[in-house]
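A, B and C label the chains in the order they appear, each numbered from 1.
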Amino acid sequence: MMAQLINAVLLGGYYTVLAIGLAFMYSVMNIINLAHGAFIVLSAFGLLILGANWGVPLPLAILVMMVVMFILGVGLQRTVLSRASKGGELLPLLATFGIAIILDNMMFLGFGADSNSLAPLVGDLSWASFELPGNIFIGKLSVYILVVAVVAIAAIEFFLRRTELGHRIQATSQDRATASLLGIDTDRTLAIATGIALATGVLAAAALGLRSAWGPYDGSAQLLFAFEAVVIGGIGSLWRVLAGAMILAFAQSLGAMIHPQGFLICGHLAFLAAVFIRLRGGAFSLSSLISKGSKT
Amino acid sequence: MITQPKLTVARGGKTANITIGLMIFAAAILAATPWLFGVGGSGRAVALLVYILLAVMWNALAGFAGLVSIGQTLFFGVAAYATIRLADAGVNPYFAILIATGIGAVLGWVTSFFMLSLKDGEFAIGMWVLSSLAHLCVNLDPLIQGETGTSLISLNSYDIELRSKLTLWLALAITIAIFVILVLLLRSRMGAAITAIRDDELGARSIGVNVVRTKRVVFVLAATGTAAAGALWLASNTNFQPRAFFGVQWTAYMLFMVLVGGLGRIEGAIIGAVLFFIIETYFAAYGVWYLVGLGTVAVFFALMLPKGLWGWIGPRLPGEAIPTGYLVEKSKNEAE
Amino acid sequence: MSTLEVKNIKAAHGQLHAVLGVTFSVKPGEMLFMLGANGAGKTTLLRSIAGDHKAESGSVHLSGADISLLPAHHRTRSGLSLVPEGRRLFPQMTVRENLLLGASTSREGPWTIDAIYEAFPNLTKLDKSQAGKLSGGEQQAVAIGRALMGNPLAIMFDEVSLGLSPAAVELAYAALKKLRDMGLALLIVEQDLNRALSTADEIMVMCEGHVTLHTEPKNTSLEALVAASFGHEEGTAQ
């Protein structure tokens, strides 16, 4: 039981890493990037090529890919999103969905349907484990992923709340017209924000690539997990994403104990429950749940 | 002294009459397909009708109610599954299609109560979550045998020619019925509300349009039509593999048809569906490249021509092709 | 040379023509008041000059340089600032953070956080307060301070005294007069006609997109201003 709880927490760490970029873009630009999962898989292929074909050590490969994805994000904002967001809320959704379809199939054409893994790049890390008292073994990799999730959120929160560029991003996100009247280049600011969102996806790509076998069409499943974590947690601070990811992971772990197919089903049910609670509370799920609990 | 200009309010017109004529002609050709093009032709005709249903319904949802759903496969897949289940329980397969369509409507009504509280992107993926959930649950049914799937065996009691004719005519009847309901809805009082929401949701709310109720009506109608499409697709292909019905490729098709044809116009959705049908006929053999092409064209249209082909054609025609609005004319001599 | 020179600006909202050819200029150390009823086109004019709204035609020169084709943030970086109606502070950020955002213009000049706090002593203790929790007068002070942080040459204020207590209005105008004495060009949209008569160097009245009166306070009267706001053109002294 204890082992299952710990593993659920660690799984939550993985979902957090998946969701950070999605949540960041959603809160800053009010765009749900439907190509989020596809970009993560693309980054994973990038890491694979750098690591397996060119022999670049994984940490360095992650840094290189972050730069690449940052540039790609800037390009995405400049060419697609800035144009699409002028046409209302629907077009960015349609455009990013189209991009996801293109990317998924291009990756299939380029890399084939085989399952891939980044695990060989890191020696025994992907199966090494810590032993806890009570004969509990937990995977080292999962622990590191959780640590990365927490550090990444702390870093982005610090960046947004404490740095000049972070404030410009917030200002642009809250009131674009006023931001540009203050001399802020809002297009550039949003391009940087998109770049950051895609760059954090590289962390998710490393986690995905090391944890399990993956292929070109796995982006949509990652997008769903990330999205569920975001909705369950609610928008606001990125720490809520961490909470949402934990709840999702607990629900899935619980489901897996009930039925072999229950893992995904219970995750989806947790999502629906969160929507229900939000519907009742009006505000976002967690806070309304907590405040209601304390009032009664 | 300002004189009141004389206004005449009219609906339809020459363009509309031509369109209606064309549509009746097209329906007659489709109905006669079994004699003109045989069993194979009938199958393709059903495919065309299913695409038209999907496009018109997705357009109603996204274009009129402003709801982008990437999980309409929920209704498509559930209706197909319901048809299998009902037929397995001994219900006549054609009757099962109708009931399954009704089940889609009820499912739409029930899910609308919480899905419509989500906005924009959240609604979009929320629908996808529902579709995935339904997909997983359908896989749990021993009758379906997971992704292996099963067939609508009871259709085999019909001779293949009769079966293809019945399926086609049912598809035609359902498509016409849904189409007529949609046009009537758009021409009713609620149609004005729908147009108001399409053009400016906040503004519509401020003049007292019940936005949630209006959106619910459109959502339920879209669920019904999409469900009918799913059940018909099953009848035409007989095989039910969950992945082939709940798969995300259907969303890509709907998106392509509506974006290329023209978001927010029924005419656009139909043109998009016909275009998609032609492209699919000639290019589907290219497999993955074909999907890349669809995605690219859809993104291109979203960015460069967000109003689609009909956004270019429509304003160049005198009057509306499918008259849902009013034409107000000011008599020239008395004006000003 | 005038700091801000606006020629024949026309602007529309879709089919609705809001500004129909407005021309004026403001010199360094001059305070131009723009009056007019709601819907006269004042806000649209200001937004068009600032580049926040796309003008149909006309030109804007700042210290002789043509900025008509620049996007809003480049106009601000050239030294033209707009304090929008309702202040539009970022409510969740602190006073200091709001002020620092004003420095996004990267322009050299005398204004720093310390200089702002010297000019508005009441802001000093609010340094770490959330801007959304301040009173209207305090918010207006922050909004003016934020514009100054960009070290502008000219500032346009939309509805300076709207929603402020009389004491807060006095404080705001005391600050604006100091700015005038420092040589900034000020364009002020105001509803209070008496304030305009007592404070302005020049007065412009707009009605339905046109300038109906352009004069100096000593040459006009309250009655003339009211008449002009309702569209009666007379004695346009360019």
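To be clear about the criterion, a contact is a pair of C-beta atoms (placed from the backbone, for glycine too) under 8 Å apart; a residue touches a chain by one contact, two chains touch by 3 or more.
Predicted model, so just to flag it, every value in this text is computed and none were measured.
By the document's definition of touch, common neighbours of subunit B and subunit C comprise A.
Put simply, the chain closest to the centre of the protein, by Cα centroids, is A.
With centres computed as the average of Cα coordinates, no chain lies farther from subunit A than C.
Looking at contacts between chains, the pair that accounts for the most C-beta pairs is A-B. Once the centre of each chain is set as its mean CA position, subunit B and subunit C turn out to be 52 Å apart.
Mean C-alpha positions place subunit A and subunit B at a centre distance of 33 Å. Subunit C has its Cα centroid 44 Å from the Cα centroid of subunit A. Every residue of subunit A that touches subunit C in the complex is listed here, in rising order: 164, 167-168, 170-171, 174-175, 177-186. Contact residues on subunit C toward subunit A in their complex (touch as defined above): 50-52, 71-73, 76-77, 81-82, 84, 88, 90, 92-93, 97, 100-102, 104-106, 146, 150. Residues 62, 66, 68, 70, 114-115, 117-118, 120-122, 124-126, 128-130, 132-133, 136-137, 139-140, 248, 251-252, 255, 259, 263, 288-289, 291-292, 294-296, 298-299, 302-303, 306 of subunit B are the ones that touch subunit A when the two sit in their complex.
Listed in rising order, the residues of subunit A touching subunit B in the complex are 26, 31-32, 34, 80, 83-84, 87, 89-91, 93-95, 97-102, 105-106, 108-109, 220, 223-224, 227-228, 231, 261, 264-265, 268-269, 271-272, 275-276, 278-279.
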